[in-house]
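Some structures to go through are shown next.
You will see chain A twice below: alongside chain B first, and alongside chain C after that.
Showing the complex of A and B:
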């Protein structure tokens, strides 16, 4: 457990990302780790300690001022426990953009992100007061396949990094797909997210054209029981099988092979999944649970009683039928090898109503893994081949990005590739 | 004869649908309401296959059906691949070991209907007068001896399949699409008498 000087020198009350997980105990749940991490900054909302209005006001203020260090071994916003709000924005490099411009862009974005993470305005910032509540703000950057090809950097492509194959279930729309650059902003305050996304997008726009932007939300992490993973808009507990310990992050998320610049980087798959609420609502709970293979109440597998019980895919009822159906999402996603695991940081989206009167809503599926081909594609292919949830979900956007490792003060994100 | 029975059943369910269809929120469709052997029945003719007729076609492409058959002790019978007739609503599953020995059995299915709704259920029946070996000692018969093509020697129209869902409510809760599919329900369920019922 090494803490870099940069992390140690952050403002008081801050827990480094690595120390953060360690202090919580690596066996505790991802979400619990987040809550426990804040205990370092006295940010718990236990009933006993939050019983007075003054105390609650104090806690709320601390929540809004909580910071996640920008500089470090890894980029922030990946290992960081999921914030309540987030935006993914993708850009395409302007014609004629060369490595020098790309480098300048990443240096400026790095400077912006480092300031915003500390609750400081960017230079310049038209609304500096919106920067003062970082609320665990993180800004994370990544490069799409076009970034490498347009800049002549194909030699730096990470192992297994390429556009996804087209899947039979895909109905992709160009307005949610592709991109040369991605900026991901997350925070527990939606104003903070909007402000940071705007500042960073403005900087990027000097060098790149906006392609798409997707914003979403999760439940707040504060003041709610932290012993359960969040839910998607179908009411399902979503994200149970995530890496939680440092060892699991090392095994699943952080790149160790491939080009040297990419070491401690990771890959991001963003897929926009539209949900058919009218269709889903026609199912009773038993059918919903059989489609997922998990209980709606607490996310437990149909063979278990608590969320983190391992599903028993071989279990059968007395009548001979499998307890976790052959078509269930859980069975299909877990049939593969141990290598086929990754981190999910999903966001729910809700963009008003469709002409049908149904919500234009769904899931911004965001997954992080060291090698897309080895870890993600086999799972997605199995789910495309058979997963009853496909009946009510449709992928309408898809993009992949290679996220460089973090950097230290004075450096910038992507320096190993562009330096 | 077949047409008459089909029409009568369709008419019966159509009328139920009209009366009660809007009262139910449930709308799963493919739950069986016919099986051979019928639920609760005692069968003295050789049982070499299972047949389920659902109220809506099965979507085997979306999800291959799961079928299981166990005796009273929970010993599973080896089953062949489920086959659907041209309506897609009648599923026949050969028993790989040939005619069932005497005993009480539970046959269970889990299928997905055309609109993606999962459905599952079980039927129990008793076999009498069989001279087949016990399940545990049975060996699969040759491929050619497995009969998957039903004929109409015997018409069975009894219903009463058990299900983990409310069977009647599910049937009554049919959507318009389900009602159309009802008309396509053919209860051509038959037991085929085999020349060599213990053929091995």
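Showing the complex of A and C:
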């Protein structure tokens, strides 16, 4: 099943387009409509046509039965338009887990995930009826640095894949950091996410101990789709500069360097960002917008009028001050080159109260890129050095994972490394 | 690739077995060829360690009968080397007179209705392994031969799975 590099390079153009379309969710009209920029507005459902009870029932059935193919050139759940709910669960390999056990674990996880993606229960599923509404369910797997070192597979480490350096802004807590294995589940139905995460966690648990689990949510992408990117809990539009075309994914997300088993894989950075709502609430809109460099109303840069206008970092007021201030998030994150772009699939979290009585809430920042060192670290370093948003946000968890390419029926995720 | 647990791969091997079985019975053209049921989603409850009195487990699957007559699963034989020397049994779980659930052999076997299917699952019908001589780790495979009332047999490959979430 594993393609040799020669085979891959000959067929990349064709396979990659097919993988892209499958992964982008061309399975039902609402998915295509939700993927503004992916599928070019194949909008068949709108507020007017969804207004009858029959239409709403039809829409709901479509939402709940929609499936994303598990098998393909790339793992699902990366290029897939962001689902409304998601969970990232990390594990550490048990001491007795060697390569044979790791292979068995990935074969079983692959089998589970392929069944769940079709709305079918796993083999040992005790609650099979919870599997029947896939709602664009995707299950995505990745390996942390410890997976390679514990299994003696250091030779298979992807280029640029290593733990992040420590940043001055970090206040990392062990309960949200690290891990040898990550399982990421996403779907438009929270019950579906919970069930899939539990099924997959059970399978993993034979071979690995649970380390942490983080769940979050987003605006659903079904129903009345919007061209505007989703918002975080500070109300900011988040994810404007994400890759959207196949070429952008090839350039930013899918690994093309070494080692060969990792071709069409990608790297994942998961950081838990706690938000200080008490501090944020004291700001007026002008201060909030200058901290970000974007307008709250629609995410447009302060030098533009629509979300996708390019920020003009050189624009100045008459008094000589920059319209997009030196400390703003947009300027700090954009100072690099095109080589420093990557995909973000963030989830918001809201998890009860802190001891202070403030909301225990924030952002599960999840970023995907071919090379962590080249694409992510320089951006994060600039933000750590100077970004006014650091005043109200604190990274409290951090982990990195290498996500293998997808697999075909009969194969399993990670076969290039473990086979 | 080896030890693949994918449904597709098992499906292919099952097809091969069915074809082989049909080819064998095809030598007697005068009588109607008995139909071999198909098995899918075959798995066995893993036994990571042998413990006193616990050296037994169950095999579960979905059996389909494409023929126009009922066929029963009447027996099974282990084909995994060194796994057990005790005959296997076809079981069901029923509520006894005392209200307790208990396991017993199925009189006449498990009926797969004509044109229908039957599910073997935990707490219900299962194929029983007794007196295991070695553990069955999660992810390993066990082979056995199913025997049906019409004289046909079917080789199946069961993947070992754990059914409790945090059993250690």
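We take it that the second predicted complex is superposed on the first by the 372 of 419 C-alpha atoms of A that agree within 3 Å, B and C clash if a C-alpha of one lies under 4 Å from a C-alpha of the other, contacts with A are read in each partner's own complex, and residues count from 1 in each chain.
As a working rule, a residue touches a chain if its C-beta (ideal position, glycine included) is under 8 Å from a C-beta of that chain, and two chains touch if they have at least 3 such contacts.
The structure presented is a predicted model; accordingly, all values stated were derived computationally and were not measured.
Asker: When the two structures are superposed on chain A, do chain B and chain C clash or fit side by side?
Answerer: Here the two partners, once superposed via chain A, fit next to each other without clashing.
Asker: A:308 in the overlay: touching chain B, chain C, both, or neither? Say first, second, both or neither.
Answerer: Once the two structures are laid over each other on A, A:308 reaches no partner at all.
Asker: Who does A:167 touch here: chain B (first), chain C (second), both, or neither?
Answerer: neither
Asker: Quick one: is A:123 in contact with chain B, with chain C, with both, or with neither? Answer first, second, both or neither.
Answerer: second
Asker: Between chain B (first) and chain C (second), which does A:198 come into contact with in this model arrangement: first, second, both, or neither?
Answerer: Second partner only.
Asker: Based on the superposed arrangement, let me know which partner A:217 touches: chain B (first), chain C (second), both, or neither?
Answerer: A:217 sits against neither chain B nor chain C.
Asker: Pick one for A:279: touches chain B only (first), chain C only (second), both, or neither.
Answerer: So A:279 only meets chain B here.
Asker: Kindly classify A:101 by the partners it touches after superposition: chain B alone (first), chain C alone (second), both, or neither?
Answerer: Touch partner of A:101: chain C, not chain B.
Asker: Once both structures sit on top of one another, what is the angle chain B-chain A-chain C taken between CA centres, to the nearest 10 degrees?
Answerer: The angle comes out at 160 degrees.
Asker: May I ask you to decide whether A:110 touches chain B, chain C, both, or neither, giving the answer as first, second, both or neither?
Answerer: Only chain C; A:110 stays clear of chain B.
Asker: Quick check: superposed on A, how many Å separate the nearest Cα atoms of chain B and chain C?
Answerer: In this superposition, no C-alpha atom of chain B lies closer than 46 Å to one of chain C.
Asker: Of all the chain A residues, which ones make contact with chain B and with chain C?
Answerer: No residue sits in both footprints.
Asker: Okay, in this complex, where on chain A does chain B touch?
Answerer: Going by the criterion above, the answer is residues 279, 282-284, 286-287, 290-291, 316-322, 325-327, 386, 388, 391-392.
Asker: Per the contact definition, I'd like the list of chain B residues that touch chain A in the complex.
Answerer: Touch residues, chain B against chain A: 25-28, 62-64, 66, 68-70, 74, 76, 106, 108-110, 112, 115-120, 122, 164-165.
Asker: Which of the residues in chain A come into contact with chain C in the complex?
Answerer: It is residues 1, 101, 103-105, 107-108, 110-111, 114-115, 123-124, 126, 198, 201-203, 205-207, 409-412, 415, 419 of chain A that touch chain C.
Asker: Which bits of chain C are touching chain A when the two form their complex?
Answerer: Against chain A, chain C makes touches at 1, 3-9, 41, 43, 45-46, 48, 122, 137-140, 159, 161-167.
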